[in-house]
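The chains carry the letters A, B, C and D, assigned in the order they are written, with residues numbered from 1 in each.
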């Protein structure tokens, strides 16, 4: 497929919600229309082309127009839906004898795209969606990825959209929890998202004046945390805020925890519950948890995320116009650029324990549990 | 003590935090200064006069000036602190033989007020603080109460400050949880404050487009809730939001719950956890909890609450000027008035299950579990 | 037309935008669907039925479903549009000789409603739209009005939706202007909406800690304003905030202004400009204007307005079900009720200069220019 | 003065307000306390040491403690004040014959610092304050600058605090103006700050879905703007939003404007008024102005700005510890670094008309007037 032959592109969104998805869709749509291309939105990940029977009205793929995208920049969620019914690369199917096997049905999607005469695709999604995009690229689909993770843990790009919104709301919640903690003279242990990387905990904890911040990159020593907290309590300041990333974990074996446990907590709240339980033996104050995880995924994107999303979307269309495929748009401050998807996936971007923001936190008097 | 002889008043805040406390303090201060009175703030409930030894710098009672209160209207928390060390009416003290008994030490507070030449007091607080204020009134202290409860469950006043702020933030959180619920195809069970009254759950649930709202005033039938939810799921809408007041409880004995259990949940999250557990047997979707309780107490008051608080504070000073004592300021839309504290305390204002807002909720298609 | 025979209703929105319109539409739609009725939305005031040629796709009237209204509660604006092309009661038309005359074309709308088999109408709008609704009522159309004015100046109802949102945003802007005024040592004269009534200025000014509030109900004496301001400036506080309603006016003839001038300012900013000009002769500080009018009409409704709007919409459908027509839903705290439209229109609800809120303002030390 | 000998530092804030000043003060204070240093805040720029007579209570310089800075991160404004009474380098003084001359009184400040035994200074301010800091550096004062401009137009640093807050609020206002513009079918011409650089206009205009963005870096052709606008109006979309930087100007001589006029507008609103006047001849729609300038300077910093400010403050103390002087902290994503003040001052960072964000804007269909 040659550069310049594009007449019709598709865009889709996969995985969990992230504020800014609609702004990316808008930018893709407007940028493509400016070039005289037609734009189609695939519903629910790839379902719109993969499982058309689920769309009896034939709206598994919808034409995106200027009118449709005009007012969506500030809307949370995605007008296209994100929910795949299973991974098409490993689709669970029943065999004749009743056992379930995983089947690669990605060719059906490639054919589905052809059926709609789609010349190229902008795939917005996280690690899983980008892996899938790369497979399609190998099968000859002209495709460009836009990275999506509110955890900000994707390698290869300086920032991702949704992260600023998540940090902002987490900080607002932490601000409010100061009042509760203070009037009840308690320790509030606030858990935020971040299974493998502590970016949200770090940025919201520093901005929200936390006393302690625990992240997966710095396994914590609960005794040091407790000693620190006991040292901060005064007549005037008899409460504390501890911000914990979902994947934070204690470093000693005293609690039978090993490093690889990081990020394995079964459910939201696990990390905070563990901290509360451990602290109960070591500090005299009551400690309570507040689990913010569920609250951080939704909502209208901040202005920062809106602009970032629009730039990601426009850059994706530029990449397609330049004949790129198999690449992901990456934000390298101050510009947008492209890198091979292969370089981006499977590698986490984690917090540098000796980096400038952690150092700032320490200089502000925050304890990181080490 | 005669009307017109006031030269010096005190103001204090007791109990949990509520957005608007500082605005009440400002209005009391400014209104009193306009009348040529001096105003003093008692620190930490009554501690500032009761336990002066805790304030080695002699700042248990501080002079409030126009300068000090100028910019506090929009600030969350209270510049005076709320935390009593125990109820002075039932103060725990050790006897000679080591047992602990509850002693009435309220006379020490009355004397403390005299020591500072306080002619009258504005006491801002909830049921407990108002009860205490009434005791002081009986002991000859000229005192006017300002009601404080973000649950809006205080009898005798149409509205209380802090409630609009709590409902607003709860609604914002529910808005965000729609996105999480949708992208994960889950039922989110959101617990909000309201041990005895469902006002916050009702108002935030209706405003936040909940599918189900469970409040203490309407014991719920979990089977009806489950049937309702199962009936709402479609291809397009395969998630749900259930808002639960802290004190909501099931009506049948199947779960060994009796009416008097309402409001007895030991900790935040109990009501939501119960709903999730019960639903797990009855619906096929995953259900998860989000506990907002801790988040709703703090933060900057909404404009509605700011104005209401300022009006409460100014009305309290007017009441003192008119020679009132033992009364509580009450909001009877559209004006402020006074009622005897005795009429206000100990009586809950609960949601009328046949009232207009519940009816609106039903007409919007919301299920109340009955 | 008998009670109980309703099968199909229509809803429309007229006049300027007000946050909460979509919530009313949602409540009307859901409440009607609950009763087994069909609901249609008329586009752009009555244009959808009046001037169908403007809707070549035949979408001048659209079916409203649960799906369509599901997520609109928190959206600003109105999904139906508000813009009439001229008043159908006085529609400008060209005669044969080229002059333009005003023609009553309301019968075409009545016929248009019949063409769609509309049994009853919920008309959401201000004074003009309600007057029109009353005309349709007289012509036999079963119609219930929902009052809309963000100025809160409509007689017959305690509150109207959109007002709380306007006051909230005005207050947020005033909060911010304190910083600008302070760092530049200036007087900021902030103009807000309120041509005939000072509700927005009063509530936002008191909540936003204004020094001076000028409203149409209290003609101001600029010399008193200047003297007051000159008296407030100190080393510590060398700036001021003056909040002016659009329709505020000076009371003396020195500026050749007469009472009936109130509300006649040709354009936003006129009232503030006049104050700045007058103050320039009387105070030594620079004064600048900030005109908020345009900013106050839009945006997502506050939770307070969301709930109020939903209750208005549900009450309108209840009124239709009860066989009412020619009435307007009115909020009489704490319930919704109905009053004849004739009692509501043409009468302003203005601020009582001796009322409780003004009194609170004075006790806070605010100058009202008198 | 040797590295390591620091025992006592001072911090001050100069020039206009910017959200984040208090967070910088907090970080400077906490970072210094961590190192065992004492920290003092100079009031009102340098007034606290320069004109001590203005502080009769001797509080021209105040000790900053952990207690004082604990809760200031999220507060707008500056707890120290910013207002110099005149530039100490060019201080206006009356001579014997009554004429006024400008005198360099900076030595008095150097002496004032010595009087308080200040070993080093962190000076937070814009171009003027940094120039002054450099002068003090030359006179032997150990001093590090922190750049402050909400216009984001300071050379040498990728970002400055306060900018994200200003862009965020401008975008929120533009969002709201869409509703007003739409319901009145008007063109809203929104003026934002940016005398020499169009950063705020560009970022808020793109995020806020403006139709046209006019910035100083791209002199505009009003005819092209009018033609563009006339081409965008449809039945569905009969309104428009034009965002104008304060310093935007037309490129042709038809309006007798020359390039050097950029940034010379005498007062806020000039640029918007000119656009409205010019458009009135060329488009049929009404156009109105909304001047946001005054609103953008104040308010609580966004989370982004909080974190940035804290990092700036901590980095300034690190610079002092390392023995730096005459340098300014600069944000070079992702880290903080230092550059000589001389390299930073007097050079503007303007929008690149061919850069990636402008390009994104064009691809979104936005007109930049060229």
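One rule holds for everything that comes next: a residue touches a chain if its C-beta (ideal position, glycine included) is under 8 Å from a C-beta of that chain, and two chains touch if they have at least 3 such contacts.
Everything numeric here is computed off the predicted structure, so don't read it as measured data.
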* **Labels of chains that are neighbours to chain B and to chain C** => none
* **Chain whose mean Cα position lies farthest from chain A** => C
* Gap in Å, rounded to a whole number, between the CA centres of chain D and chain C -> 36
* Centre to centre, by mean C-alpha position, how many angstrom separate chain A and chain C? -> 41
* Where the centres are mean C-alpha positions, what is the separation of chain A from chain D, in Å? -> 32
* To do: Give the residues of chain C that touch two or more other chains, as numbers and ranges in rising order.
  => 175, 178
* Pick one for the touching-chains graph, please: line, ring, star, complete, other. => ring
* If you look only at chain A, which of its residues touch chain D in the complex? -> 26-27, 30-31, 33-34, 66-67, 70-71, 73-74, 158, 164, 167-168, 171-172, 175, 178, 203-204, 206-207, 209, 236-237, 302-304, 306-307, 310-311, 314-315, 317-318, 333-336, 355-357, 359-360, 362-365
* Once bound in the complex, which stretches of chain A touch chain B? -> 16-17, 54, 76-77, 82-83, 169, 173, 175-180, 182-185, 188, 235, 268, 288, 290-291, 294-299
